[in-house]
Amino acid sequence: MNPELQPLIDAYRLIDPSLGAIVPVVLVSLFSIAALVADLFELGTTRGPAEGEEGLAIMAPYLSILGVVLGLVAIVWQALRLDVMAGSYFNGMIIVDGFGVFLTAVILVGTLITLLVTIGYCRRENIQLAEYYYLVLMSAVGMMLLVQSNNLVMIFAALELMSVGVYVLTGFRRRRARAIEGALKYFVLGAFSTGFLVYGMALLYGLTGTFDLAAMGVAVGAGRASPLLLAGLGLVLVGFGFKVALVPFHMWSPDVYQAAPAPITGFMATGVKTAAFAALARFLMTSFDGLASQWIPVLWVLAVLTMFVGNVAAIRQDDIKRMLAYSSIAHAGYLVVALVADSALGNAAFVYYLAAYTFMTLGAFAVVVALGVSGDESTSISRDYGGVAYRHPMLGAAMALFMFSLTGIPPTAGFFGKFAVFSAAVDAGHVGLAVLMVFASVISAYYYLRVVVAMYMGAPEGEPVRVQVPAMAVIALIATVVGVLALGIYPGGWVDLARASVAGLQHGAGLP
Amino acid sequence: MVGPAHYITLSAVLFTIGVIGVLTRKNAIIVFMAIEIMLNAANLALVTFAMTIGDVAGLIMVLLVIAVAAAEAAVGLAIIVAMFRHRETVNIEAFNVLRG
Amino acid sequence: MESLLWLIPAFPLAGVAINGLFGRKLGDRVVSVIGPGAVGAAFAMAAASFIALRGLPPAERLLQQTLYSWLPAGEFSASIGFQLDPLSMTMVLVVTGVGFLIHLYSVGYMHGDGGYARYFAYLNLFTFAMLLLVMADNFLLLFVGWEGVGLCSYLLIGYWFEDQAKADAGKKAFIVNRIGDFGFLLGIFLIFWTFGSVAFSDVLPEAATRLTLGGDLAFWICLFLFIGAVGKSAQIPLFVWLPDAMAGPTPVSALIHAATMVTAGVYMVARAHALYEMAPQVLALVAGIGAATALFAATIGIVQNDIKKVLAYSTISQLGYMFLGVGVAAFSAGIFHLVTHAFFKAVLFLGAGSVIHALHGEQDMRTMGGLKPKLPITYWTMLAATLAIAGVPPLAGFVSKDEILWRTWDGGHSVLWVIGFITAGLTAAYMFRLFFLTFHGSFRGTKEQWGHAHESPWTMTVPLVILGALSVVGGWIGLPAALGQPLGGIANRFEGWLAPVFEAGEHAVHEPHAIPPIEYGLMTASVAIATLGILVAYWAYLRSPDLPGRVVARSRGVYTLLYGKYFVDELYDFLIVRPFYALSRFAWRVIDDGLIDGLGVGGTGALVKRGSRIVSRWETGYVQGYAVAFFGGVFAILAYYYLFR
Amino acid sequence: MTGVDVAFWILAAISVGASLVVITNRNPVACVLFLVVAFFALAGLFVTLHSHFLAAIQVIIYAGAIMVLFLFVILLLNLGQQQWFDVSNNPLRVTAVVFGAGFLALLVGGGISGVTPTVRGPAAGISPDLLGSTGAIGAALYTAYFMPFITIALLLLLAMVGAVAIARRER
Amino acid sequence: MSVPYLTLIVFLPVLGMALVAAVPGTRHDAIRRMTLAVTIAHFALSLPLWWLYKSSGAPYQLVERRPWITAFGIDYHLGVDGVTVLLVLLTTFLMPLAVLASWRYIDQHVKEYHLLMLLLTTGMLGVFVALDLFVFYVFWELMLVPMYFIIGIWGGERRIYAAVKFFLYTFIGGLLMLVAILVLYFYHYNLTGTYSYALTDLLAIDVPLRIQLGLFLTFGLAFAIKVPMFPFHTWLPDAHVEAPTAGSVILAAVLLKMGTYGFYRFAIPLFPDAARVLLPWMATLAVIGILYGAMVALVQPNIKKLVAYSSVSHLGFVMLGLFAFNVVGVQGSVIQMINHGLSTGALFFICGMLYERRHTYEIESFGGLSSVMPVFATIFMIVTLSSIGLPGLNGFVGEFLILVGMFQTHPYMAGLATVGVILAAYYMLRMFGRVMFGPIDDESNRGLPDLGRRELAVLVPIVIVIVWIGVYPKPFLDRTAPSVERFVEHVTDSGLLAVEEPIEVEAPR
């Protein structure tokens, strides 16, 4: 046979056994491309785009949903075969473990909900472009890879895939100056932070001689670290800190969240955060477990700053998307608290909180989307939310539920998430941090309540608009409500799942 | 005798120059160029380390960085074009509607 | 018999229930049967038990009945239980007896009033509470009755609540009483603290053993109890409510604010005599305050023009006598005066009532006069009572008052005796002033008043006559040995009756011999000053009616002081009420609204909002601003790593 | 002082100088051109590090493709001449420079000067030239680094689609 | 026992919610009737508790315990002691009355209102019966939400301010308590190696005083806010004034009790030594509360606000009694919890009835009502007297025992507190006189109707109980006695510190 082909054959030999590890990714990316091309040939349509309609996506939405569903199935399959599949693939680029699988599932669910919400939204806003769905799925692929990557090179690639996709989505409604402005800001700062990230990786690489997280962990070892290594650590922290919007690397998020289409904002607030956080956690737990004493104080400070700046700033926001942006900053702070605990319990809380946070935030954004009207997302709390609860009892109730969940009132996912984080912090002896988190939460209660107040105790300004909630969005809402309640009322199973998922992530530490 | 330290130092200098560029220039395009400088500084560091360590990973990383730079350039410039369509300028400060 | 004790208070209570719940439906006739009837029945029961009690040998004259355990909590417990010993018995008889008569009187007096049923419900309730008070077998239950009568007086003073002044008078009465009760409560606490119980049967016998004579504990217990008594019996400094209490219907004044309730203080001191004997210093205080009040009130009484006000101050003054009596450890004497006072003061009030009734609510003596022909019965009964209170022998007032004065002297409190002595004169004077202004001279009112003036119906006159008679002869049951012996060795029956209760207390139990001549001297002296007082009144108000005017003109300052009741109300208002209100307002406006809400809560809120403004100002909207912040963060982290690691 | 050293100092000087011009010059076109110069210098430095393949890539992709794209945009938007607005207000510039200087000081002072990476290559007997060769990189890229490679491929496609989606002219 | 009786009691209202939800939202009266039926049934269901609880039996009875979140050692763990029984019955007793009282008052969003009322009931009962600190906390916060809505939606002008204030006050207290709970939880783990939130387990361990102090203060803060103790009381007047009638009633009658109950069941028993060390401070705050509340009440121009401040004063008594740490005082404060629930509850009902007639709470705008509303006057009078603490009515029983009890250990405190008795009479009678007595100077008061059948149905039951407790409190006292004795024993005996000597009192017989 042709010796020319030998390298390729070797390559395939090397790749073949690993394919199982990336089935979900493969499925989703295939369907994303399918969604992209399907409508180029205007499959299944007899008419061209109507006047004022931009593009015509008939198949794309359903193809993408199908893709994500299949992805979920694949993830479940992976989860079930975890005992045999667990391990690292592609020369240690990809790792399959509970943590990765769990969070990939979370991300896919998030994506699914986003898509369900998006369909109605796009129809309303007349942006029926297949690209849109393609971009969502591609960023989702980036996220999935990011969660599962076990190597800085891979992390970098995945991170960029995710980010660039989101940059574009932010500016997708390009007729609006605001959208472009948001995209520009996100893009410039994103690229800027990428620079730091890469440089940090370079330094780490130089001092440990490897990009592989595990190997790096060995090389880093414990005890004293050279300043330059710490510099590398710091720069990488900054890189992730930007993606998850930790103060002071958060400045972009309010503007961007406000600029992006509401569904995408939800997508960013959940998917991007989850993925970046996952990578950060994996990086810290695997590579820098030995130097925990070095990053804990930094994260401690960042956590406090993030919680307070986020919550305090949110208080005077009238635009609900912007408010939720600040609130998601604050929640990033809570998540960091879980990381600071640096214990198995902490990681479990971290994972659980990410799941809970995804449900409640996406739910909130689903409502925001549902309340918008064509050409006007009507996101002003004082103007658009007055008395909503009586025009749309179900939407109102759902929103109230999400707000209380975000506040942390039982029996909701948000409450138990906070509870778990508190537990972790106290367990790790960070009582002070826990108390600070309490005060932050109290501040947050104030602005979450504002929404409830407006919906239930306020009167509509001017002519109240009734909106029609598309079926898909209804499904999404039901899903999120159920999720929030399920995680809240019977957290037991989920907690066990979370604990199991983080079992391998970090060495030692007794549970609960 | 020039050693890795010199290269890294140089990369640090270039990186800093890039940063300062980003912070000071108002022309979106040039800000963008400054970012490219940063990336290249990182590349220099990577290559240096890779060659001194004798590990190809660093070089691969450089390759990826360059590719990413290209991708970002595409998207970034697209955004700049769109931005110009709206404001007839590429002054980054012309965009501050979103704030607070 | 014992098992039926509960019936005595039960009858009035039933009256309350019936009149209170169904009175409006039953109609006035039924009500006017049930109201007095209930009390009458109680009186009957009381009489029966009196006979039963007499039947027992003096040593164990005690009827007891415990209904149920009321407040069992930990080591504390108090029961709903009654006891009748001679002391209680006396009080019960007075309360039910005089009470019955006054109920009867009310039937006529309140005839046609809007709240007829309500009135009788209140009155019965009062009787019930009063009986509770005097029959209680422990301090707590006594206190229950104590508060109960206070409530009733509040309700009855404010009976005509449409009149703001009257309603306020009721409120004032209740609150001033509460101040007293505060003392009483502390007393009870302290008693429980000391004796581990509040039952008389546990406390009183133990007093001598558990308390040291003149010890602090005894002092405080008695002082606190006495504060209670001061409040209830309108002594200095808490007497201010009683004059206002005259706002209530006159029978109420007669029953509650003359005959019974106000004397509860005296009863309570007598009841707790065992404790008081351990606290001579408090006894001295009691006597002192008693005497002072007696004189003080008398001086005010002399210049008042409202007929009921005069009587009110005279009541205060007489109560002073009683406290003087118990204060000098002459407990039976004090109680004795309590009884006789109940008789003649009731008459005086009821008589005044019938005068007011006749003049359609006129109370100002300056517009009365010469009513003798119009109201013969009232006139004669009033005369008897006035003579009695003036202390003219051999009427009830003379006997009891003189007993007290003598004991005072005998106890070596000559100063107090002098005060009491002077007061006696003043009493005679102002009482006859009242008498003359009302019944003699020429009528100073309007024609039609004169025309309409008429004697009251039998329901009102009968009680008058009976009580009038009692105020003549009532004193003889307690004829002092000094008079008794010459008349054939009659011992002081009343004293003897109460002896089982007080024997421990009677320091100087008087054997039936060796009556020191001085006693007769003092007796004549007090008779003399009484006569003098009467003569002065006669001179000033019948012979030369312009005299008072000239006297007043001569001593303007004194007059205004007396007429203004020494401006005590104003003083309290200025010293206590106003500052307290100011303080309260300060607490509300400054501390609550200002400090806690404004500075504390609002401040925090403002702080957060301010912070919010600052933080969101950082979001300038300029990308490079963000980049700088970002870079600052990087710098900070690196700096931390390099400089602090 | 070997030839390589001389080359290093010259190239370093060029790259730094050119970069400085880029971030100070008001004329975009000039900036682009100087950036190209800087990139060429970097390519040279890669060569001194024996990384020939990357040097080539640097020249072709960066200088060749990316920079041309920049230039294209600049001319498309007709921004050839100086941009009046392109003067940052002083405080910002000062802070930036201060921070930057500090940052640099930290990096360099923090040990770069004394950096001694864990040297494996020579010990492992791999010659730098072989390491930097196309073959070596290619082999690694298609085997060990397959996943990142694919990912980047997806990224480039996505970037294309995205750029179109945003910059496409209005209907 | 086989039937999960407590669970039934706690969650019956939730089932009721389903029923009420089934009624179409436009048929208001149907909704009201349905809710009334549910609440009455609920009361009926809870009544057997009185007999099922054997005062001679175990500390906690009718206990239910099922694992809930095994990972954290959290159990679904319920149980009652004597005090709980009374409070539960008080709650279920008041709910139907509250519904009745809202009959006219609530005329919009009727369905939401009644659903929330039922949810609120579940929350409150859960707080009372929970034996697992986590479960307790869950219910503690759960109860917060419906109350927040009730105040915020159906309240007066400043309702939103009041609602948010109420929410934030309680929320911050609660969260801090949660942290304290966690600290205790992990401390228990480090001691015993088992994870448990069960009160019974946590009571078993000895915590060093230093930690006790911190935790007690944190728990204490949460409860003190709820009680409310000076100076954490300022949310109360606002909440009361703005809340709808039923809201105020439940707030006063039940929610405030959660504070005192929390002290009784959790804060003090868990940290007895700290409690003893801090006794002087707590007692001082209580006394300040008594006097301060009374003084401020005295100058209130608004009936509801006056009653609210009177609550501050009354709850001061309750706290004082708890900290007497002897059976007399604690018994007193337990009874006083019930009393306050009844009399202040009734007072708020009465305020509501006045409001429904005149749409104002300003004392000045009333006067002379006795002559037009005699029946109302009588009941109002009785309730006022009970709140003044007149012997023969319930108020006296509690206050007296509290003061006697406190006097045993801290005579001066008790003495000061007794002044509150005077003041109570002062401000209550002053208000009563201004509202009911005097001439009718405002014409709009002349035609006011006397109490209707519905209103009588609301007030008469309360009055009956008021008199009952006043005349024959023994059954109540007997029911709580064993629990209280256990409480006192636990506090005084538990051993790091010697009890600071109370003056010994042995009965002379």
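As written, the chains take the letters A, B, C, D and E, and residue 1 is the first residue of each chain.
Criterion: a contact is a pair of C-beta atoms (placed from the backbone, for glycine too) under 8 Å apart; a residue touches a chain by one contact, two chains touch by 3 or more.
Computed from a prediction, not measured in an experiment: that's the story for all the values here.
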Chain labels contacting subunit D and also subunit E: A, C
Touching subunit C and also subunit D, the following chains: A, B
Of A-B and A-E, whichever chain pair has more C-beta contact pairs: A-B
Identity of the chain that, by mean CA position, is farthest from subunit A: C
Farthest chain relative to subunit D (centres taken as mean CA coordinates): C
Core chain by centroid distance, with centroids computed from Cα atoms only: E
Subunit B and subunit D: spacing of chain centres that average the CA atoms, whole Å: 7
Geometric centre distance via CA averages, subunit E-subunit C, whole Å: 38
Centre-of-Cα separation between subunit D and subunit A, whole angstrom: 31
Gap in Å, rounded to a whole number, between the CA centres of subunit E and subunit B: 65
Numbers and ranges of subunit B residues touching at least 2 other chains: 8, 15, 18-19, 22-24, 26, 31-32, 48-50, 52-53, 55, 57, 60, 64, 68, 71-72, 75, 79-80, 82, 92-93, 95-100
Numbers and ranges of subunit E residues touching at least 2 other chains: none
Sites on subunit C at which at least two other chains make contact: 616, 619, 621, 623-625, 627-628, 631-632, 634, 638, 641-642
Touching pairs - complete list by chain label: A-B, A-C, A-D, A-E, B-C, B-D, C-D, C-E
Subunit C residues within the subunit B interface of the complex: 616-617, 619-624, 627-628, 631
Sites on subunit C touched by subunit D in the complex: 624-625, 628, 631-632, 634-635, 638-639, 641-642
Subunit A residues within the subunit B interface of the complex: 152-153, 156-157, 160, 164, 167-168, 171, 174, 177-178, 180-185, 187-188, 191-192, 194-196, 198-199, 201-203, 205-206, 209-211, 254-255, 258-259, 316-317, 322
Interface residues, subunit E side, partner subunit C - complex: 165, 231, 234, 292, 295-296, 298-300, 326-328, 331-332, 368, 370-371, 385, 390-392, 396-397, 400-401, 403-405, 407-408, 411, 414-415, 418-419, 421-422, 425-426, 429-430, 433, 436-440, 472-474, 477-478, 481, 484-485, 503, 505-509
Residues of subunit B that touch subunit C when the two form their complex: 19, 22-24, 26, 31, 92-93, 95-100
